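Each structure below is given as structure tokens.
Shared chain: subunit A. Partners: subunit B in the first complex, subunit C in the second.
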Partner chain A sequence: MNWTNILNFSRGPLLHVAMIIFVAGLSYRLVRVLLLGWARDRAKNKGSKLWGVIVNYLKGLFVLPFIPWVRRTFRHNELTFIAGGLFHLSLFLVLVFGTAHILVWKSLWGFGWKGLPTPILAFFSAVGIISMIVLLINRLTHPVLKMLTKFPVWINWLVVFLPMITGFIMARHLWFRYEVIFSLHLISVSLLLIWVPFGRISHFLFYFFSKTIHGAQAGKRAVTP
Partner chain B sequence: MKSQKTQSAINTYLKETGGWVASQLEACTRCGICAEACHFYQALGNPEYAPIWKLEPLRRAYEQRFTVAGKLKLALGLEKKLADSDLEHWSKIVYEACTVCNKCAHVCPMGIQLGPLIHEVRAGMAAAGVVPADLAEATEKQKTIGSPLGVTDEMWRERIDWITDEWEAQIPIDKAGAESLVVFTSIELMKFPDNLAAVARILNRAGENWTVSSTGREVVNFGYFEADEELTRLFMYRVFKAAEELGVKRIIISECGHAYDAFRWAAPNMMKVPKGVEIAHISEYIHQLWKTGRIKLKEGAFDGETITFHDSCKIQRRGGIIKQPRELLRVLAPRSFKEMTPNKEQSLCCGGGGGVISIKEADANRYAVFEMKIEQLQEVQARAVCMVCSNCRLQFVDSVGHFNLPVKVHGLAELVSKALV
Partner chain C sequence: MKEKTIYEHLREKGLSRRDFMKLCGTIAGMMGLEFVPPVKALGKTLGPSPEEVVAQALKTKPKVPIIWLEFQDCAGCSEAISRSSSPLLSNLVLNDIAIEYHETLMAAAGFQAEKAKEECMKKYFGKYVLVVEGSPTLADDGIYCTVAGKSNLDLLKEAAAGAAAVIATGNCACFGGIPAAHPNPTRAVGVADLIKDKPVVNIPGCPAIPEVTTGTILHFLILGQLPETDQLKRPLPFYGHTVHDHCLRRPFYEAGKFAESFDDEGARKGYCLYKLGCKGPTTYNACAGLKWERGLSYPVQSGHPCLGCSEPHFWDGGGFYQGQSAPIVRLDKSSTATLVGVGVAAGAALAGLNAVKKSRAKKDLKKDQSQAAGSDPGSKKEG
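Right after this comes the complex of A and B.
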């Protein structure tokens, strides 16, 4: 078996199976949680739930990621806030505005958009990778994080890191032949997709639950979320 | 080893786990930021006091029953089923190092309601009977005698009579046809009678048609501290029944945070509540009396030494009564009132709420937390501090004595009554 065959396998059947597991697994988890039932809240509102939800999302998306030091908890958590924030930002930029990724989106949805210039993408890919390493070191040394981090959380880190590092090497044309590094990138992406339904990377989905609940709870009580 | 008692804890967790609990447990990314929000972690540095860690029993019960990942972890031996020893271990953490103040929910990047979820963890502990002895004893007293401090019916009546005489404040008892039923705490009755007298004086001055009830006489809810659902209901039922019998339009909760939380937000979701009976906290009600001109206050009555306001978790952060006490304080002490930082929703808890102060073994914890409060007080050079929760006040009075601080501790009603004109 040569690398061309491996590439064909990893961008064909493997990726497709991984995508099916990703979608089916997440759907299962979503439905499972939804089916557990939702009790109606009968307590009379003091303020507006909707207002609380809106303020909470605005704060969470546009204020806190960019000026995290307004939070007192920023102290002693600087690394988590800054590296975590930069990681999410670079992930977003590279996934959504990376030229190669736009082609993937185009093949999935039939339309694409303009990508960011290569130097900017290269910069953010590097920032993302460095952030991941910083977060790993933080997790290995912070007493609370050491205690909270069980085996699956290390896998979360690994399956996110592998696509990032292989993608970076591929985009910079370093060391490996194209078929080799592209195969490795696709295999690692498949691994990530397969793992997501089993671990806490799925927080991107449940974020909308907890964020909405917090906003509504605060709004209902007439406090700022 | 898993015994019947662990099984009853697990059953409680599974019963309580609706989408509300599950979706939030699933949202956690294990980032650990909540630790820095917890005053117990900040003061004592024990990683196990991280709020998310306090949810471990609930998380394990949920994952092992409802999720593939949880079942896999069990099968692979990465995680064990809950055992008696786990309950005993976490009982100390959730009762002695948590006031359920819910500050953590406000810093969680995902917005997970850690406070209410820790309440669910406590519910399992209560079902299993793994509750600190002091807390269980007080709860039992409230169940059998009617008050966690052991105040009997006779003692209650004598005490009310004494307050009536001593402060010359009329306190109507069991007055049918009254509009407002005011329910006090045993703490006020026994330790802060001045506050009780103050409330009476304010309401009398406003011409309020009010009463206290000899059957619904305790507003504190130790069942709610324990998170024992049945007892929580029973203790509120006594008050609701009295309210229905007296035919009142509103129940006024005196200066007690957990009681306000239970009556205002929890009761409608766990029991039948009397129709058309409004629940008000005394501080918002006094504010309303002032706003509508039913009482008049002497401006600047407490100007002089710096006075600050302590936000109580259940009345301010979880109750939304944030503006009202401040507006009153700006009248009482327009020049001397200063805010501590952080305040309002982000305020630092006193360290004694949620039942913590009733547990002797938790004394070291709450004093350690209070040292942070002292720093806050010193930053604004406060000589007096005002609050609207007797539980906070008890913690302040006790700790101010413990640390020998030159700070006076007041209830808001007490200040308002002294400034009546």
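Right after this comes the complex of A and C.
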């Protein structure tokens, strides 16, 4: 067994199985959540649910993250908010605008787009990794968080952190031979894909459902039964 | 009669001493001798300069006979070596180091050629170098590739028995190459998978860079042993770095400037070909250093991404023009739809079971309540 074979395995069958579990698992989870049941809406709506949804997204993604001090959650724990925000921003930029990742999207969907310049991506991936480490230290030292943290949370942290660190080392060509770190990156990505449907990281998809529902509720103008 | 040394042979052909020393310098430089530890194998430390080591070897050693076998191949590696960029070196190997048997290049044919091979194998038993081009095939006892009525497996074993060293040239001989591509109908394998009792060195490539093949043969001639190799038995002086490491487009990679298609502005400006499917980062070969056609160019310089031809299974490693980061096996639309269906069905089935359970529990609860109400006389009165 040599690393070229391991790379072929992790780029081929392993990633394939991981994607299968990812797609089927997420569909399963989604159906389970949707079929938990809906409350009947008997009151007549006088407002606009659609407008409520739009406002909710705009506020949640483009306004509040940039004026966080208006929120009580921020004032209670600035560190979590800033590190968490930077982590999500970096992850988004690297996943969507990283050249190597664009090639993955292109192979899956048939179209690609322009990436960000490498130095900018390098900066953001470093920011993402540092945020993750800060959040880990915070979780390890905060007396209340420590009590709240159960085993799956550590798994969540690990399966997200491993692809980030291996990807960073690979993109910067540090320390390892390329095929070695490439294999490790793909193995960790497969691990993440397999874990996502069963853990809380599924919020990357379900967030948008809950945001929509909450927005629709907020946009509704009616007498509550 | 004492055999002539290579130097004597060359002098007879009219090579001047100055040209001879130049040749030695070229060989030493090409082999990267300065950095290779086996110089010590001559019983010397790095006292003399590498050229002197080469010169001394050529002056004192007789020719090394080479038997060149071809199995499942296209003869591209032989073509490459016969048109190699450095005429001095290929001449040296073809004429002066002596290829005793080569099906494509030799003038003899048929029984005559086979006889020549047998004589050579007898005469130089234990001394000759066996070069193999093309992949041996295992299926049905090797009947899918036969020469002179013998299966390739028999030919290989027979020739390897008396070889001092075995050199596999080209991806086919090293890792099975194109014949081993899925579904590999002839069960093609690499030479090193079959020959375990002799030193084997792999010179993969499609074709192998001729200077690398000649360089490895010369290394054996001059230092009496095969060069140091990596995990895949490739000589480190030539396969120590990736194509990406020494790529002339590397600065564009670092800057994140990529050609998006073969005819866009980026391609004309010489930007990095990573997005067009370049396999340079994982491909170990000397292309970027030695190049082809007298150092004229190599694929990446000419505007084509690296195919990764010196790596095992390069033919099955995803599309040539698909980005290297893309998964090899993709989820197509129908299989994605099936998977979503499976997930939805499983979710719905479980939810259905839960609903049934819930309604039963509700019924039971109602029953219990009504029974309780029926048996409690106090509640009757109130009702």
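Assume the second predicted complex is superposed on the first by the 213 of 225 C-alpha atoms of A that agree within 3 Å, B and C clash if a C-alpha of one lies under 4 Å from a C-alpha of the other, contacts with A are read in each partner's own complex, and residues count from 1 in each chain.
By our rule, contacts are C-beta pairs under 8 Å (C-beta built on N, C-alpha and C of every residue); 3 or more make two chains touch, one makes a residue touch a chain.
Please read all numbers here as calculations on a predicted model, not as lab measurements.
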Fit or clash between subunit C and subunit B when superposed on subunit A: fit
First (subunit B), second (subunit C), both or neither touched by A:I213: first
Touching partner for A:F123 - first (subunit B), second (subunit C), both, neither: neither
Arrangement angle, subunit B at one end, subunit C at the other, subunit A at the vertex (C-alpha, nearest 10°): 170
Touched partner set for A:T80, first subunit B, second subunit C, both or neither: first
Which superposed partner A:W157 touches (first subunit B, second subunit C, both, neither): neither
Touched partner set for A:L15, first subunit B, second subunit C, both or neither: second
Which of subunit B and subunit C A:F176 touches, first, second, both or neither: neither
Touched partner set for A:S107, first subunit B, second subunit C, both or neither: second
Which of subunit B and subunit C A:R32 touches, first, second, both or neither: both
Dominant contact partner of subunit A by residue count, subunit C or subunit B: B
Closest approach of subunit C to subunit B (Cα atoms, Å): 7
Contact residues of subunit A, present in both the subunit B and the subunit C interface: 28-29, 32, 35-36
Residue ranges of subunit C in contact with subunit A within the complex: 231-232, 242, 244, 253-256, 258, 274-275, 281-282, 311-313, 316-318, 322-331, 335-336, 339-344, 346-348, 350-351
In the complex with subunit B, residue positions of subunit A that touch it: 28-29, 32-39, 41-44, 46-47, 56, 60, 64, 71-73, 75-77, 80-81, 84, 142-153, 197-200, 202-203, 206-207, 209-211, 213-215, 217-218, 221-225
Touching residues (chain side subunit B, partner subunit A) in the complex: 17-24, 26-33, 35-37, 41, 47-48, 50, 52-53, 66-69, 72-73, 78-79, 105-113, 264-269, 316-320, 322, 342, 344-346
Residues of subunit A defined as touching subunit C within the complex: 2-5, 7-8, 11-13, 15-16, 19-20, 23-32, 35-36, 99-104, 106-108, 112, 115-119, 121, 178-179, 182
